[in-house]
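Some notes on the structure that comes next.
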Amino acid sequence: SGSSAGKTLVVDTSFNLKTADPGREFEPTGQIVDKALYETLLTFKGSDVTKPVPGLASSYEQSADGKTLTLHLRTGAKFADGSAVTADDVVFSLNRVIALKGNPSFLLDGVTVTKTDASTVTLVSKKANPALPFILPNPALGILSAKTVQAHGGSATATDGAEKYLNTASAGSGPYTLTSFNTNTEVVLTKNPKYTGADKPSYDKIVIRNVQAPTQKLNVQRGDSQIALDLTSDQVSGIGGGLKVDSGASSDVIFLLLNRNTKVSSTTANAKFAEAVRKGIDYKSLLSLAGSGSVQPAGIIPSTFLGALPASEAAGRDLAGAKAALKASGIAKPSVTLGYASDLTVDGLSLQTLAERVQAQLKEVGITVTLAPAPTTTELDNYRNGKEQLGLWYWGPDYPDPSDYLTFLPGNLVGLRAGWKAGADPALTTLGDQAATTIGDDTRKTLYEQIQTKLNTDGPFVPLMQPSRNTVYAASVTGVAYNPVWTIDVAALGAK
Amino acid sequence: MTPDPTAPLLSVDDLVVQYHRPGASPTRAVAGVSLQVRAGEVVGLVGESGCGKSTLARAVCGLTPAAEGRITYDGTQVRPLRVRRRDPALTGVQMVFQDPYGSLNPRRRVGAQIADGIRTATGRGEAADGATPEDLLTRVGLSAEAAERYPQEFSGGQRQRIAIARALAARPRLLVGDEPISALDASAQLQVATLMRSLAVESGAGLLFISHDLSVVRLIADRIAVMYLGRIVETGPTAEVWADPRHPYTRALLAAVPKPDGAGVLPAELPGDVPDPAEPPTGCRFHPRCPQAFDGCDREEPQLIAGGVACRLYAA
Amino acid sequence: MKRSPEGRAKFSLLRRLPPAWRRPLAVTGGLVAVFWLVIVVAAPLLAPHDPLAQDLPRLAAPGAGHWFGTDELGRDVLSRVLYGARVSIPLALLLVAMSLLVGGVLGACAGFFGRWVDETVMRIADLVFAFPTVILAMVVAAALGASLQNAVLAVLVVSWPSYARVTRGLVMGLRNREFVLSGRLLGFSAWRSLRVDILPNVLGPLLVLATLDIGTATLLLSGLSFLGLGAKPPTAEWGAMVADGTQQFDKWWIGVFPGLAILTVVLAFNFLGDTLRDALDPGTARTIGAEKERVG
Amino acid sequence: MSPRWAPSKEAGGGGGGGPRVRRRLLARHPLARFLLRRTATAVLLAVGVTLVTFVLTNLVPGDPAAANLGQRAIGDPAIVAQFRHHYGLDKPLPVQYVTYLGNLLQGDLGESQQSHQSVLTDLSTAVPATLELAGAAIVVSLVVGVSFGVVAALRRDRFTDQLLRVISLLGVSVPTFWLALLAFYIFFYRLGWAPGSGRLDPGMTAPPHITGLYTIDAALAGQWPVFWNAVGHLALPALVLTAYTVGLLTRFTRSAVLEVLNQDYVRAARAKGLPGRTVLFQYVLRAALVPVVTVAGLAFGALLSGTVLVESIFAWPGLGAYAYRSATTLDLPAVMGVGLVVGLVYLTVNLAVDVLYGVIDPRVRVQ
Amino acid sequence: MTAGNVLEISGLTLDLGGRRILGGVDLAVRPGQVHGLAGESGSGKTMTGLAALGLLPPGARTGGRIELEGTDLLTLPPRQLAALRGRSVSMVFQDPSTSLHPMLSIGHQLTDHLRHHLKLNRRAAKERAAELLTQVRIPNPLEALGRYPHQFSGGMRQRIAIAIALACEPKVLIADEPTTALDVTVQAGVLRLLRGLCDELGLAVLLVTHDLGVMSAIADDVSVMRHGLVVETGPRGRVLTEPRHEYTRQLLDALPGRSTV
């Protein structure tokens, strides 16, 4: 069924979806949907996230101080209703994201958007923002028809009421339009015949269904669906029947957090104890849980990004060293609790499984770990408020640029969650500030490598792994490519 | 203790007992009854099913609250029994129930249940004079070993004897029997009834004996009261009432009892059924079925006159 | 007469078997229950592996070294199933005992004292009944946080009312029985009446209900663990193990064996309870039946 | 509601004496009382249910904002404040609750934090999905369970009875979630007999929304391929759900029938020489149905419980899945909405049971 | 079979659950006559009646003969027996409040076997039913047909039960303690009704009772049973005044008024 003849493509994924409104969505499934419905100013091609390519903007220039980004719009672009995409639409859409204060608004933090002329838009950032061209491809920054949105209660203010409309229809210029939308069951997309982009979509209709991973496997094996997005390596192994598998390391980095706040735990705050943990983990054994395709990042920045540490610097298990460090810490019979979200899976790998194995490994070192699973909701609260002694979390990149990882520094978002207060490590803070404002790939690369090396010895984080990311698809489907920002561009898929 | 031996032990005055049903007018199961029982006297209460006999008996024991009127036992007003423990002064009134299978706790030995009664008597300050469950069992005609057994091991008649023993253990001065024999075998009925009478009279207690078996009541009661639809229609010494029933209902009742004389005489029939006590007929309650009803019976409700009959035939 | 007109007077061997509890179902139930109780006690002796050790090959199919296969962490499923009995069965028993206590006391008070006590207790029970049990237990467990203790509390919240109802019904029936009234007439206080005359007669039926309920409690507890609201890992708990199994459809052994364990335990106690109920008089049995099914 | 409770015709007639007037009042009284009591119960239950859910959900040591905002967004106080303001979470709890009740009076169940839609909209798809599942299951359970129960009673203590007893006990003992897993594995994965998850094949468009039950809507619209497809998808989950209720109903019907078989009136009917069939269907079943109806009401509740566990495995977009998601993400308006719907279903089922009592038993109806 | 008897029971034995309940019962009932059957509780009176209708509890084994106008009911195939049941032999049970189906209208219960046995149509059956109700003196028969048992008093219910039993004009009526649950005044009415039917319709009645007063009032012949055996049979007057068997004498002595007199 399906394939090119029916011109319907069925994609099974486990939904994480709240809305189709680009100004509000920031969930993985929302990214898939909005990527197909809306065009962004810049975009990425396939899996390559190292180089932004033209989208609605045909070219851009960045000022030397890294604060100003000028974009030139492509001519002839049209919305699905036939009206032309103008600079006003761009300004409206981006300002709306900022004003809504929704999940994606941080992408344009400190950015002002102005129209220079009918085909030019200028983005000015308060601080140097070398990452901006890497941020703009985010589907949350898709361009909407200001006219349509405004006609349905939309405005670029906090009182915007267009979400309801944008969950029933789309107002973009993307290759597909929205036919039906349900956050629990399925989303149906229909080909936009007026699409002005270069690559026309192959399928008339795309159905994205909410299916749990194990069922995804059955469905794709039986030909009920053509693509399954969330299978684990275990599930993929030995999958036959003419199915193809695209595997690779995900850009989600799973890490352990050791709280630096002595009020939360004097044990985890102990640097020697942290060293014992770092040396006591058997990273290879953890990787075996995630299966082939998973990798161990040497630092907190995922292996495929600019500034990633070379794999050779990755930590390994040193049981004797760990025991020695534990002894040096002066803590007899350490006992800590490990908080994690029991219902959370990262690319199909359940944190539950991982936590159980970490527990078993640290036991060999002599550390008693009590597991404290909780529903994501509850655990997020603990994490956010820095109340976890040990925490098991992951960081998925908001945009494929190393600057996204400066949040791990002391006093920053994730640093604080580990009880790592501003000023706790001035040298790192200085390095971080430098990295954030510097332009030039090589310099940035060096800076980020330095930051990570220091993080690995002095920081409260232990990067564990990037799980593998498997896309299973029918042989009839072409052009499957994993993208860390939007997982998969369904519009780019072809049929054989 | 009782200064005036002629003063009634139990006195029921204009008693009204009502049952409330949701969404309907209340049923006046007892609709103005006056009755006295003296010490050492056996009063038989007869009447058709549903006429309010049990209700009256329960009210006397405080198990059902009175809506109007009063019940006094030995000078104490009987108050309804609620969550609180029964007034010790009232434990001199004991009851024997109809169902021999329901009136003993299946989980306790017979002896223990009788011992409860003895404790009640001592609690009231009456000398126990060495009464034991075994003594009592022998008095009701059972062997002393019965005390060690459980109620299930006895037949209906035996259980009823045990129930009587338990009631007697409390040294009651008034015993109420609500159809204590109707669930028993024909052979056991008379034995149990006469036993009750002799035990009560022996100990000088009054006995209010309820039954619809007229022939038994005739044998054991000193005085008889005939009830119809919540009211007493005739009362008098048993022999008199038997020999010369005056109320038409009493007559009909007596005539309806088939006699086992082998003569093949069909008993006399009383047409109609007992009406619903929730909506009793106006005037005399018996008038729709009365063969002697006459003008005015449907309007005027006759009162129990001095001669012990409530019928307009005998008015004035 | 050779044949009865109903055509079903054929002498049946089964009718000859003496008391209810000697029937094959009861015997099976008893044996299986004993089997599991033995496992509860002797799991450490019987289990071939440490249920938490992750040293076997991952996801190995049932075979010589590990009869029930291994799970995704390389733990021996057989050992985990055996150890799971130590979690599920004692907890179910504890839960039933607690429900019996809470529901029994509340129900007895409601039935004996009537009026506002009755109204209050029964309206709360109604409120609980208005929710499907799993949903309420789920919300309670989510509210209290996932742990076995909290799951027990959550199930307790939904299970006491059926005991309360049965107790209340039985007490109300008994309250007006002649032997209770006789006691009251002899001057028993309410408390003595309740203790001596009523409770002993309520206990038998309640124990039957409790036996039947052990199965239900096991099901509910494992259901909550299945939803991730019960046992904390790495505890070997059957519901949680079945949940692991749903992640690996084709590795059937991960989920099938713990599921079978739940099934046999519940079945055994249902066999026993059903037989006990049959041995009881029909009226009481019906009340119990009606109430028991509410729990499910 | 059954018209049988309506005041009788004669009572509506013209004037008359005292007793007549009284009877007329009596005739009306029970119905009025009944309705009044029902309404009061419904209101009390609604308040109770919402209050309980509200309190419970607020006991959860978590923050809806954390659950529903992204990792980055949660770090920005302005965004969090905006979120709280939008959902009224910045007000004191009692105020939140009163506001909720006020909105409820206007039929507004609030907006789900998860789906960003009105809870009513969410429920309007989730509830019919579950009702379709539970409805199909209860119909099958009733047919199968009652027949099994009758057969077991008639073959009392014989082999068939023993067999049915084991089957019914198996049914009530099997963990639903495990059975679902097993059924899915065998019938879908191994044998390929059952269609996959969801309510329809992908690519098949849902029938026009009339009742929300796909089978009925498709039949009404005459879309037979859709109808058969929906039935196919419904079959397996519905059958899994019936395991428990069939067991329950079998056991109940059996004992109810046995009890009735012992009644004098059944013996009297046999003594009249009526054929066994007539005695069974007119005399025995009619009386046995009364307890069975009660249990069927309870069984429906059990089915709703079952759906929570089954829906996730069959990816059935129903109330159970919605309830689970809402409860674990602290989606307060959604959880309260689920509570209300469930309470409503409970009341409706009870009402239906009462009406059925009236239909079956004249003693309830004629007073 | 002796001439003049419609129903003749000879040597009837019954075993139930491995226990002998009846040990060879002999009874004969003639048309137009009431045959009284007395005896203590558990002596097997009810079982004898049920045996004649083939309504014994499952598992019962019988021996001997029960002849209805020459046909042995015990060996009759179930189908043919069912055709006789309610048609030629019918039965009235002890408790009128439980022997009528509480959820079916009187009309329904009066007509269904009429329609089954006599193949009457709905209208004819209804007419016949109303006629029967008149016969047992239920006021307002047509309206009564639409009512339910709980709307009648105990005595009326028993009369309705008798009407049902008589609907197909049977030859034999087995009445198992038909008045035990009734008040004496109501009992008198039912007894008169039974006697009248017997005299007018030539019905043969087997009346089971342990009330010797009732027996004396209505029965022509009396049999006394004990432990599954008939210990004495004879005309009413003789048995009740000059009992021959010791047990009968005991029964009579237990009566109030006898022992003391």
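So that you can tell them apart, the chains are marked A, B, C, D and E in the order they are listed, and the count of residues begins at 1 in each.
Please note the rule applied: a contact is a pair of C-beta atoms (placed from the backbone, for glycine too) under 8 Å apart; a residue touches a chain by one contact, two chains touch by 3 or more.
Here's who's who by UniProt: B, E = ABC transporter ATP-binding protein; C, D = ABC transporter permease.
The shown structure was predicted, so the numbers you read here are calculated from the model rather than taken from an experiment.
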| item | value |
| --- | --- |
| Longest centre-to-centre distance from subunit B, chain (CA-based) | A |
| Distance-to-centre winner among chains (Cα means, whole assembly as reference) | D |
| Which of A-C and B-E has more C-beta contact pairs | B-E |
| Length of the line joining the C-alpha centres of subunit A and subunit E, rounded to whole Å | 89 |
| Rounded Å distance, subunit C centre to subunit E centre (Cα mean) | 50 |
| Cα-centroid distance, subunit C relative to subunit D, in whole angstrom | 23 |
| Overlap residues in subunit A, where contacts from two or more other chains coincide | 212, 215, 218, 343, 375, 378 |
| Residue list for subunit C, restricted to those that touch at least two other chains | 6, 8, 12, 15, 142, 145, 246, 249-250 |
| Residue numbers of subunit D (touch at least two other chains) | 60-61, 184, 189, 313, 328 |
| Subunit A residues within the subunit C interface of the complex | 212-215, 217-218, 232, 234-235, 288-289, 342-343, 350, 352-353, 355-357, 359-360, 371-375, 378 |
| Complex interface listing, subunit C residues touching subunit A | 52-54, 58-59, 72-73, 142, 145-146, 228, 232-234, 246-251 |
| Residues of subunit D touching subunit C in the complex | 44-45, 48-49, 52-53, 56-57, 59-61, 154-155, 157-158, 162, 165-166, 169-170, 172-178, 181-182, 184-185, 189, 244, 248, 251-252, 255, 259, 276, 291, 294-295, 298-299, 301-302, 304-306, 308-309, 313, 320, 323-324, 327-328, 335, 338-339, 342-343, 346-347 |
| Complex interface listing, subunit E residues touching subunit B | 40-41, 153-156, 183-189, 191-192, 195, 210-218, 236-241, 250-252, 254-260 |
| Of subunit D, residues touching subunit A in the complex | 60-64, 66-76, 78-79, 82, 114-117, 122, 125-126, 184, 188-189, 192, 195-198, 201-203, 312-313, 315, 317, 321-322, 325, 328-330 |
